[in-house]
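Encoded as structure tokens, here's the structure I'll be asking about.
A, B, C and D label the chains in the order they appear, each numbered from 1.
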Amino acid sequence: MSLFLWGLVIIFVGGLASLINGRRAGLASFFGAAGAVAGSITAVIPAFKVFLHGVTESFRLNWNIPFGSFFVQIDAISAVFLIPIFGLSAIAAVYGAEYLLAYREKKNLGAPWFFYNLLLIGMALVVVARNGLLFLVAWEIMSLSSFFLVTFEYERQTVRQAGLIYLIAMHIGTAFLVVFFILLGHHAGSLDFDKISGVPSSLANVLFMLAIVGFGTKAGFMPLHVWLPYAHPAAPSHVSAVMSGVMIKTGIYGLVRALTILGFPPAWWCWVLILIGAVSGVLGVLFALAQHDLKRLLAYHSVENIGIITIGLGVGLLGINMNSPILAVLGFAGGLFHVINHAVFKGLLFLGAGAVLHSCKTGHIDLLGGIIKRMPWTAFTFLIGSIAICGLPPLNGFVSEFLIYLGVFKNGMGGGLEAVIPALIVIGALALIGGLALACFTKAFGVIFLGHPRSDYAQQAHEVGPGMKFSMVTLAALCLLLGIFSPLVIKSAENVILEITLLTFPDVQAELASASTVLWNFVFVSLILFGIIGVFTVLRKLLLSGRCVRQTVTWDCGYAQPGPKMQYTATSFAQPLTDLFKLFLRTRKDISHPKGVFPVQSAFHTDTSDISEKYMYEPAYKWISLLLSKLRWFQHGRLQIYVLYIALTLGILLIWKMM
Amino acid sequence: MIYALLLIPAIAAVLSLIVRSNIFRRIILVTAAVSHTVITITAWNKEANPLLNGWLMLDKPGLLFLTITSVLFLACSLYAFGYLAGESGRKEQDFEEGIFFTNAPAAIFCACLLAFLTTMTLVTVSQHFGLMWVAMEATTLASAPLIYFHRHHRSLEATWKYLLICSVGIALALLGNFFMVIAASAPESNDKSMILSVLLQQGHLLNVPWLKAAFLLFLVGYGTKMGLAPMHTWLPDAHSESPSVVSALMSGALLNCAFLGILRSYQVCLAAGLGRFCQDLLVLFGLISIGWAAVFILGQPDYKRMLAYSSVEHMGILALGVGIGAGATFGAMLHAVNHSLTKAMLFLAAGNILAVYKTKTTKRVSGIMTIMPATGIIWIAGFFAITGIPPFGIFLSEFTIVKSMIEQGRIGIAVAFLAILALIFIGMAIAFLNMAQGRKDDSLQIADNPDTAISVLPPLALGALTLMLGLYIPPVVNNLLHDVAVIMGGY
Amino acid sequence: MNNAADTIMIFLVLTNLTLLGLSRLGTCIRIVAVQGVVLGLLPLLLNGWSLELHLVFFSAAIISLKGIVFPWLLTRALRDLKTQREVEPLIGYGTSIALGMVILVICMWLGSRLPLPVAAMSTLIVPVAFFTIMSGLFLIISRKKAVTQVLGYLVMENGIYTFGVALVQKQPVLVELGILLDVFVAVFVMGITMFHINREFDHIDTDQLSRLKV
Amino acid sequence: MIILKLLNMVIALAAAPLLLGIINRTKAVFAGRTGQPLLQLYYDIWKLLRKGAVYSRSTSWIFRVGPVIGLSVALIAAALIPFGGLPAVISFKGDLILFAYLFGLSRFFTVLMAMDTGSSFEGMGASREVTFSTLSEPALLIGLAAIAKYTGYISLSQMFSSLNLSVWLNAGPAFVLVGFAILIVFLTENSRIPIDDPNTHLELTMIHEVMILDHSGPDLAMILYGAAIKMWLLGAILIGIVVPVHSGNALFDISAAMLFMILLAIVIGVIESSMARLKLLHVPQLLIGATTLSILALVLILR
């Protein structure tokens, strides 16, 4: 435990050092990144130990504020979240050290590094905190520092807007958590988590709903996700990677922690989770499909993947509820493994997006194209990330989805309607999500990296430097390794699952062992696949070696002058699907048709604004503003009226209270 | 010791009227402030002797509010030291309307500031209801010229409203005093004095209807001064038109003193077994104030007025906290401390902003972070602190209050409270963030970095204090707050 | 029961109603002055005209302040103001008197709800004092001019005094003097402010004093 | 046993191109033409393998690696699918999910290859491909889930080997529904009429064919062969569900299955000859219909 705390201290000191050296960009970056990396490595060691051995470590210190105690603990659940937090943050820090240097002329780099390291500490503390107040403080440190990171480029109006939305969403979410912890603490008589036991079911129901809203806002459940598509694109890319990859997972962590505290789950909790997961998953990917901005697209994919994770949790919870070890173990294993996987591939994708942004100065998909030739490393790693996020074998994304599938399939075999209906929903949702994700990422990768450059932005693309490359390659390698070694990972997850499900040890062990056997098969298939691919590649080389291989133009159907502008765009690529789901997307189209014999100008523009934002939050805000502006009549500057208020108040009080 | 507390600023006030040299006058101001604070701090260690048959005494609540006042005054006097160097007696052009006006002479300003401190000190140390009333009225009078520092018609209007509304309110409080006397003049009681400790001893003998009426009058009367809605109407005008130092003092110290007035009468009611009666009223006014403030904070075009409305909000929270009772009382006391520190910090920062941007319109200010980073950081930190975001102190106090609400099963109130706070957060976030972050206005002709140590350090120190109170409450402070909470019927 | 006290109370009611119905500012000031003088005599009256030194001193102070200094200050302010000498009500005179009657009834009821724990000179004291306070407030609310508002404040103060002097005995003189001093300073400061307003706006209509809002 | 498993795979790999020949021959018969030889696809592949290649300048390594991956995936998938009662080479719990997702992988690369050329025709085809496959995936998976529910197994080999013709007595209606759903999936995934028209290379109607416009030589051979295997595998699933002949005699079962495969090809040919291609806008409806059929089947089986 002390190693862990020392790690945090190192991170903090690094941040502080870079804050002090803010004017010297290179030094600031070095201190910030070095602190983050060294501290993460130090602090992740105990996390790994706990994960593998399942021995909980704790540390308690009196804290001189009301109800507070500095009570931290690493158990297996914490460890599962700590490992990606430290891992991704360290990798992203290396990336950031190079990425931020682009701003060295305009910006003081001390602040972003300070807040980056603070964000890292906040996340780590959230996951280990075992006192309600400490949790809330850490939670807000995390939110605030990420807010400052989101508004790094605050000169831009859109960035400020994003920061504002983010901040407000976080604040409202935290309000729910405040109530959550107070109610919990009231029941237990203390805000320390270890004092809580036997929550009565009526209270548990309330607490569950509070947790869903409070943690769900952070995690990005539909329709609480509105901040996500704003905040992620606004932040510097390595920060987006961390925010999307691990920070929103603290919401998932909170939910998992809450579930372990709240006792036996009634069925409706499971249904709520599964439905939220399915809705977030499907709608998230649908909205992603309709986006034109790469980082915004990725942000919506975070909503989608949170949906998948939530489906996993819901399935696992259902397993507890139905007393089905298969479902419980596979659901939670799949969900939590997806937490790690998503951290890896989403981190990778955001870093890739950052590299594109860094060298092309735009994230608008339809302005890019053909940069695979100029940025081969970025393109390759982005491709790996895309395959992983689509849940395609043989990479890690497939494994976690596979486990969830396997759980509902297996469970559905044995049970009746109550087992089959969740299976039906989960299979339908996951299959649809898979298909749509594939559409989305073929669109993104295809339009950005393949074909011809569509604008000058894409023309100026150049490969990024070694730091950024290293980070991306590392994450890409992790995508593969986590896929290949998934059986080992799953097998070692028994402590975690045990802590969450409260099942007996043999049950968990047996289920995990059988899951890992299945996964070995998958690994076997994957290895063969690689083998065959290798063989065919060699064969193809041999076949073509002596022959005539020519380069020419793309087959143009006889039209002699195809320009880059004639390529299929991202918008047109996604159009059949967005049309199909226009009920949800409500894409607005602005067309100005070509007119006349020699048309000069015509334009087509689509805009898909968020459905919940447009039809829930905006009208609500508008109504409240209207109401308030009406009420402002009360203070109209006349002294007489003001005295009248006093007189009336006094009169009413006297008459009322003296009655 | 109490004499020293009262006499030092009083004498300094007279001195600053006499002294000719400007710099010397400023030194007097700061010296008086420092010595006042030093004596206050010694009062923490050594109990001060009661004086004048117990008319003047530093009990725990008095000590708490005296400390707040003293610390704030110290910070403000340091800030004023720099402020007066540039501002006083100068002819200036008004940036809102372009009219020309002069500022009041520094002598009057300093004297009134010190007199203000004297009267506020008197409020905190007086144990006699009549004397406290006198002191309270005197604070109004001492501060009126301060509001009229910039001599133009808007500040005049604000002064006029302040004077009249507060006078009406205080007059009602006087009536409350008389009612209290009547309530205490039951034939059985032998000591009919208006000294707090005597009244508390004879609580059970007090006449209930008269005491109730007296509390109502105190609530409305001192509530006017404290800024509880709907009697708060003078507050945004006065705060927005007066110099920022004065706004900081009024918001952070004066309002608290008025609150102390209400608390004193609440103490008597508690002794008479009327606790519930008072608490319900406090909750009611607390909620009205918070709600009313929210209405005006959202879409507020003037940032100083926004801060003023935020004061209304926080006064509402204080009332609400005491009204909820139990643990919330402690929260309310802690909140009083935190709010004063934070609000003063914000007003001082607002002063810096005003000096550079020459406008109070929120929309016309942007890019503070770029132009004056230190003030920008204070502004943002102050925003987070005032809206109750950890790790700042207000989070803790609000948390304690909400916790107590929920524990008492007053869920409706808790939900309303949190919802309104969220609204206020939204309103303030929009204004503050755009001001601090936004793009720098290129038309602005500004020297390199207008921040100076004297303009930045005082608010920064206040911010550091409130940050500390969010992370660590020293045991001494904690004990005092708890003692006060126990006195006020909570824990 | 003390008939003299009752008489004074009824006198107060009548003067208040007159104030509500009067249009001339000068007359209003004079009426308030008379009220002040009568109230100044009240402490002596209540103690059966026993000429104790501090009572006499107190009475003299009140009479000189309320009967002489305040009216003089206000008249001066009025003189500086060369134009209108009308009260300029926001609520008409007739309506004002009618509302005054309603307030009177409410105050009577309120007085019945608050029985005095000790025997008092007159049963009318509580309702009449309330009524005077409310009349003062009403004047502040319903009249435009700053002078009238100060006048209203004074009437209100008079009402509170009625309470204080008639019901609260054996209070230390120190407090009473303090109170007196405060009121004096308040009116003085208000006077100064009015002077400034006068200079700044060339009038003392509060209509123009409503720029600060929302 | 291992030999039987390998036999299964060998049959798939060897006979796959034949299906297309049969389909084309059937269509020719219906059109009154002689038609191409049954083994035309074999000849094509052989010819292409011996050729050189022409690449567009706008393409990258994606364009070159795609065919390899497509074919490799097809081969691996062939190892997962049982045929005619013969167990698959590889079988484990949940292999049906892997099967579905493997084709996702190959589709991913097919689409990217099309985008790599920068041609708007190929982009259009890619766009349609992802649209329709998105919708066919739930139909396939839920259809298989229905079968899994019926048999109680979740590995393809076990599922199919535990089926026999008696299912038609026990759960006939459900199997009709699943059969139709899988048939639609089969037609979609293999780009057949009424979803796609494999014969109209250069019109705005096509999907799969247009995506491979720019491929040539060995690359095209690999793509064609991969597509043929895919058709075979989906066909194997279809007949495994609809006509599960399990006598216990492996040889008989295989022959029966072969027969049914040929029959299936003829049916496809008939369908293609007798139907017009659907309007593109109606394809999603058909696919959603297929999903509905699958769900209905699952519910029926549950009852």
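Following the convention adopted for this analysis, a residue touches a chain if its C-beta (ideal position, glycine included) is under 8 Å from a C-beta of that chain, and two chains touch if they have at least 3 such contacts.
Treat the numbers as computed from the prediction; the structure is a model and nothing was measured.
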A student comparing A-C to A-B should find more C-beta pairs in contact for A-B
Whole-Å distance, C-alpha centre of chain A to that of chain C, is 70
Dist(centroid_CA(chain A), centroid_CA(chain B)) in Å evaluates to 44
When centres are defined as mean Cα positions, the distance from chain B to chain C in whole Å is 31
Whole-angstrom distance, CA centroid of chain C to CA centroid of chain D, is 100
Expected list for chain C, residues touching two or more other chains, is 113-114, 137, 140, 149, 206, 209-212, 214
Where chain A touches two or more other chains simultaneously, the residues are 632, 635, 639, 643, 646, 654, 658
Inter-chain touches occur between A-B, A-C, A-D, B-C
In their shared complex, chain A is touched by residues of chain D numbered 49, 51-60, 62, 64-65, 67-69, 71-73, 75-76, 79-80, 90, 92-95, 97-98, 100-102, 104-105, 107-108, 111-112, 114-124, 126-128, 130-131, 133-135, 137-138, 140-142, 145, 148-149, 152-154, 202, 213-214, 217-219, 222, 280, 284, 291, 295, 298, 302
Per the touch rule above, chain A residues touching chain D in the complex are 369-370, 372-373, 379, 383, 386-387, 390-393, 398, 402, 405-406, 409-410, 412-413, 416-417, 420, 423-424, 427-428, 431-432, 434-436, 438-439, 441-443, 445-447, 449-452, 514, 517-518, 521-522, 524-525, 528-529, 532-533, 536-537, 540, 543-544, 547-557, 562, 564, 566-568, 572-577, 580
The answer for chain A against chain B in the complex is residues 63-67, 133, 136-137, 140-141, 144, 151, 154-155, 157, 160, 163-164, 167-168, 171-172, 175, 178-179, 182-183, 185-186, 624-625, 628-629, 631-632, 634-635, 639, 642-643, 645-646, 649-650, 653-654, 657-658
Chain B residues touching chain C in their complex are 128, 130-131, 133-134, 137-138, 140-141, 144-145, 148, 151-154, 156-161, 163-164, 167-168, 171-172, 174-175, 178-179, 181-183, 185-187, 192, 194, 207, 209-210, 213, 236-237, 240-241, 296, 300-301, 305
The residues of chain B that touch chain A in their complex are 160-161, 164-165, 168-169, 172, 209, 212-213, 216-217, 219-220, 224, 230-231, 233-234, 236, 277, 281, 292, 294-296, 298-299, 327, 330-331, 334, 367, 369-370, 384, 387, 389-391, 395-396, 399-400, 402-403, 406-407, 414, 418, 421-423, 425-426, 429-430, 433-434, 437-440, 470-475, 478
